[in-house]
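Some structures are shown below for you to check.
You will see chain A twice below: alongside chain B first, and alongside chain C after that.
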Partner chain A sequence: MIAPVVPHNSAASSAPFTVLIADDDRINRMVLHAMLQKDGHTVYVAENGQEAVTLFEQHQPDLVLMDVMMPYMDGYEATSRIKALTGERFVPVIFLTAMTDAQALVHCVECGGDDFLHKPYKHAILKAKIAAMERVRQLYATLQSQKNALASHHRRLQREYEVAEKLFSTIVHPGCLDAPHLKYLLSPMAIFNGDILLAARKPSGGLHIMLGDFTGHGLPAAVGAMPVADIFYAMTAKGYAISDIVAEANQKLKAILPTGVFCAAALLDLDATYSQLTIWNGGLPDVLVRQPSGGTLRRLRSQHLPLGVVDNTRLDRSVEVIELMPGERIYAYTDGVIEASAPTGEMFSQPRLEVYLTQDCAPEQVFETICDGLTAFRAGGPQRDDLTLIEITCDAGLANHPSTEATISSVAKAPACWHMALALDAMTLRTLDPLPQIMQMLMALQGLHAHRERLYTILAELFANALEHGLLGLDSELKHTPQGFVAYYTAREQSLAALEHGWINIALTHTAVGPAGQLTLRIEDSGPGFDYQRCPRDLAANTTHSGRGIPLVRALCQALTYHGVGNCVEAVYVWSQEETDVSQHTS
Partner chain B sequence: MALVTRISSDGKIVTVDISGRFDFSMHQEFRQVYEQDPGGITQYIINLHQTEYMDSSALGMLLLLREHAGGDRANIKIVHCQPEVKKILTIANFQHLFCLD
Partner chain C sequence: MSSVPTVLIVDDSRLSRMMIRAFITQAHPDWTIVEASNGPEALEKAATQTVDLMTIDLNMPGMDGLTLATQLQHNHPTAHIALVTANIQESVRQRAAAAGMEFIAKPVSEDSVLACLSALENRRA
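Entry: the complex of A and B
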């Protein structure tokens, strides 16, 4: 059997829609009405333009068939008003008119009509025109809904970006970058910065600074910044050294970053007196030190692979130590600075930067001169990479201004009685810095956050003496010259790595003395001791960089006594609740 | 062409010549160098004689090649670097990971 062939009628196959007819001729209205209804459409009829506009407002039809000459309001006027009411919808208006004059037909289109048909017309032609208009209308509707979807997607993304940006800037906060001896320029090329610049005060006074540059820029580069900032601030607050922070950050980044993405970084550690800089530079351009008078720059080259490239077993944590003179300025920057390009494509370059640093210029103007120079050089050209520059002025007076950071709100616990002892052998001393752990225990047991910096300094100085002089036999006389200063720290590193014998015992005893607490810190080493009678007692009289340790500790605690042959030292630190509160408010 | 790959007649040594800017725009081409490895390649030679500039994503691409070629066992030589390019490689201390001439 042969199946009957059903002719495919594209006009009839489209879904039924709503049509508005405006014509003052009753017969015309009836004929159109019957035809459209037969095709399944819903039909509204108006006898003049005025009524057409009213019906349009009420029923929002999909298509309008419009006569031109009508009483009260003609088809031109009605079409203009209807088109003004459609908003973002596309509602086709087809004029059905007996007029053939070209000017009148042009006017149909001018006032918003989409097509026209001469009366008398063949029904098949009208149906075809309606079908064509319906196709256009559907295309328009699809486009419109896609546009809306895109716009709402864009709004959602924008909101998510704002939340993420807020989260990002809370975690990767600038720490104490607002200190008066720090100046910096941050110029990210997207909302998220692939460069990071972090600064935090150490518990012992002094400063940690980290400048990092992740591969690429924008969001993918910025994601890695969050764990790094977390590690940097948490470990600095606990008293860890930069080499420990380097190791922790490297391990984290190696684990989370895909191969090919890494973080070129420099970590700087400035001591409380701003007389010593310890630096680890892995992959950043030379960090430069400028003397107050200008002249030759001191250069701290990248010595290591960037963070996140190799795992910790291959990571070189060794740091460089240099002595600083008052008024010297340290400059660290990312490659975005030297690779900033002029509209001609020429790069700012390392030599140009160094010209700015060595030329005759008031020291306090150097930073601004570089920034202005960069802006002028780029001359409004496009930025290709994130760009960061920081200047640190070695001025302990400026550096130790009252902090604007939030103070720790926890209150010291009531004085208790406890004792804690640690015996460290050579192997432990080679691999572990026990100070952060001891500080953590101390804070957990007694909550002396307001005393943290002083306690850390006492502990750190006495422990360093026991290790460096008692066990490693280093002579601090070495530190008197800049060359010797470097030699001293090289020797320290080598002797410590080779340490086979010896021990250091650390004991902390805390007791209550009425409302006050008394902490006794005793450190004993296996070394030969020293002639403590000869040690300088006056801090002010001592302007050299070595030998400040003991007078400084003496100034910080109630009593400092040596025992035996000088290989055992005991420091007594007394604190009271009132003093704790006061320090919290003023710190 | 900014990137040209040559394979030795015994199929063991791949030489990659890179000219102009070695940056992210070369990512796709550079990837193909090692992704099309039919096996049996024992050494990669990256010739940077014509390279004017490289950025950190180029360093990243070298690390990807290194990983693909066996990580610590990879045999990759970077040769004929111009001073500026050499400087970028040395700042990143890539001499610890690659053989720089």
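Entry: the complex of A and C
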């Protein structure tokens, strides 16, 4: 909207107006009409208030000169009606009056009058008043156009925010956070949360959880959440370990985030039986583990810089592993919790949080007690940061609860005939986890998404046996004591890092058996093998660090046979199209 | 002045303290680092030991960073003080610069912390 340009300093000249004169006195009308016409304005005349309102509606004049006392409808009433018709336009009404009675003049203004013109009329005064009104009108028009621009800008922003929020919540979705053994509190400061909390089931069972806190809050903080969530869900689904996800997320964030913006994060990996926690904590407050009876907390301190600070060559992706006892509860939270402030400025603080965790309280009430305590402490004061808290209960019974997640709807491809062989030498085994790639190939070739978890479990268990017992010569006895587990894990890391010789060959053969498909997995290692015929009980008791073991593999397969000196194992897995469809509906 | 410098990091944000500590530790693993989350705690910790360098967040609830820095400078005239801030008024900058204080811009980066440390080392040399 462009307002007409009018000189501001000159009372003598003004742009041509359309003016409505309302006066019952013919002489007055004529005098005013003559003056206005001389200045180039277009003029309409009304003889009473009613006619004035009608003409106003017809011609939408820019200015009204209004007499007070008129038949049919007086100037007060006509002015009220006209002002009600102007909407967002500013149409000045100047009262024509000989009155000096203060009360009457006040009434004029109350009805919407903007100025007075006293009789007898003087041309110079009329011109000056019209020019003054033009200035007000322009100011009003400018204001109105700015207000409209602002309103439309606001509406556009609102729409963009809504679209962005939809996109954001689709990508940064909570995954399987609604699982019964998880409780969480998310309290963002703005529409966009600078904290992220993600949970996803692993193909081998168990759970990945990521809690992150980006520097700052609001939209700038939330932007980095999208690629991180994408990486987390995609890599978890493909069977990658959390240290791989850490490396990928770090590389991405280092590349896209400006200097000084980063993501303090903890990634947690819970195994299928909830007996083991693998954690990478980069910059989040201590993750705490509470025993069912309360008492001393186990503390998993941040060992690393946050994600996005250093490049991958300087990133430490090593993880910490602890054994979990049934009924233990894990607490992870962002700084927003311990730095939440009371109206006095005092912080909630780490010690206060730990009081809640160590005090005598029923385990299932602890989370709610903390939340209530936090609310009471803040006492309605302003929130200064996004705030997130999660509790994970180590209960295998709850953990195996059916998922409410949508299953990937992908139909298996018709059984085909193909063969795939992979020979891995010591150097490759030291640096690469081949399972995600093999799973990806398997999905691409045969589309067995509904069988993914079972196939991954078989592959993972057999590969772990070949590597840990065949090549690294680790003793599985070690795992059967509480301290032994950590010792086993440490020994595994050290032996693998020092591995110089040896190999593992993996072969996958798929054939069609009528309408069904048959997949044969054959894994052979260069180790000494074992007497599989003489020690079947050892085999039964042998559970790998993922906690499931050979008995589970045997249950999942059609056949499981050992060959040679026990250094070669073959698993046969049969699937059919119908079974695929059924399991998709029930899983 | 002891041969191994002691650094006092004052910031109400745990994460900011952690980042500054990490940047200093990476460059100087042997330095002693003390943290405080508010003004009174900083005064208390500085009272019982020699402090060579202090990084002080300007915007803290309770005692503000500039008031704290002025007090600490009075108690530790040889200490090198850096104010950590996101945006700074010209008047504050002038007062702080006149008092010989440095600035570290927020968000804190490895480069800005290391630049501040080298300024300290030049002073000590």
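The definition used in the following text is that the second predicted complex is superposed on the first by the 556 of 587 C-alpha atoms of A that agree within 3 Å, B and C clash if a C-alpha of one lies under 4 Å from a C-alpha of the other, contacts with A are read in each partner's own complex, and residues count from 1 in each chain.
As a working rule, a contact is a pair of C-beta atoms (placed from the backbone, for glycine too) under 8 Å apart; a residue touches a chain by one contact, two chains touch by 3 or more.
Please read these numbers as outputs of a predicted model, since none were measured by experiment.
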Fit or clash - chain C, chain B, common chain A: clash
Touched partner set for A:Glu570, first chain B, second chain C, both or neither: neither
Partner chain in contact with A:Leu305 - chain B first, chain C second, else both or neither: both
Touched partner set for A:Ala264, first chain B, second chain C, both or neither: both
Which of chain B and chain C A:Asp335 touches, first, second, both or neither: both
Which superposed partner A:Thr215 touches (first chain B, second chain C, both, neither): both
Which of chain B and chain C A:Gly345 touches, first, second, both or neither: second
First, second, both or neither for A:Gly282, with chain B first and chain C second: first
Chain C-contacting residues of chain A that also contact chain B: 213, 215-216, 259-261, 264, 283, 285, 302, 305-306, 309, 335, 339
Chain A residues touching chain B - in the complex, by the definition given at the top: 213, 215-216, 259-262, 264, 282-285, 301-306, 309-310, 335, 339, 385
For the chain A and chain C complex, residues of the former touching the latter: 213, 215-216, 259-261, 264, 283, 285, 302, 305-306, 309, 335, 338-339, 341, 345, 347
Touching residues (chain side chain B, partner chain A) in the complex: 24, 55-57, 59-61, 63-64, 67, 88, 90-94, 96-97
Chain A partner contacts - residues on chain C that touch it in the complex: 12-15, 18-19, 22, 37, 61-62, 106-111
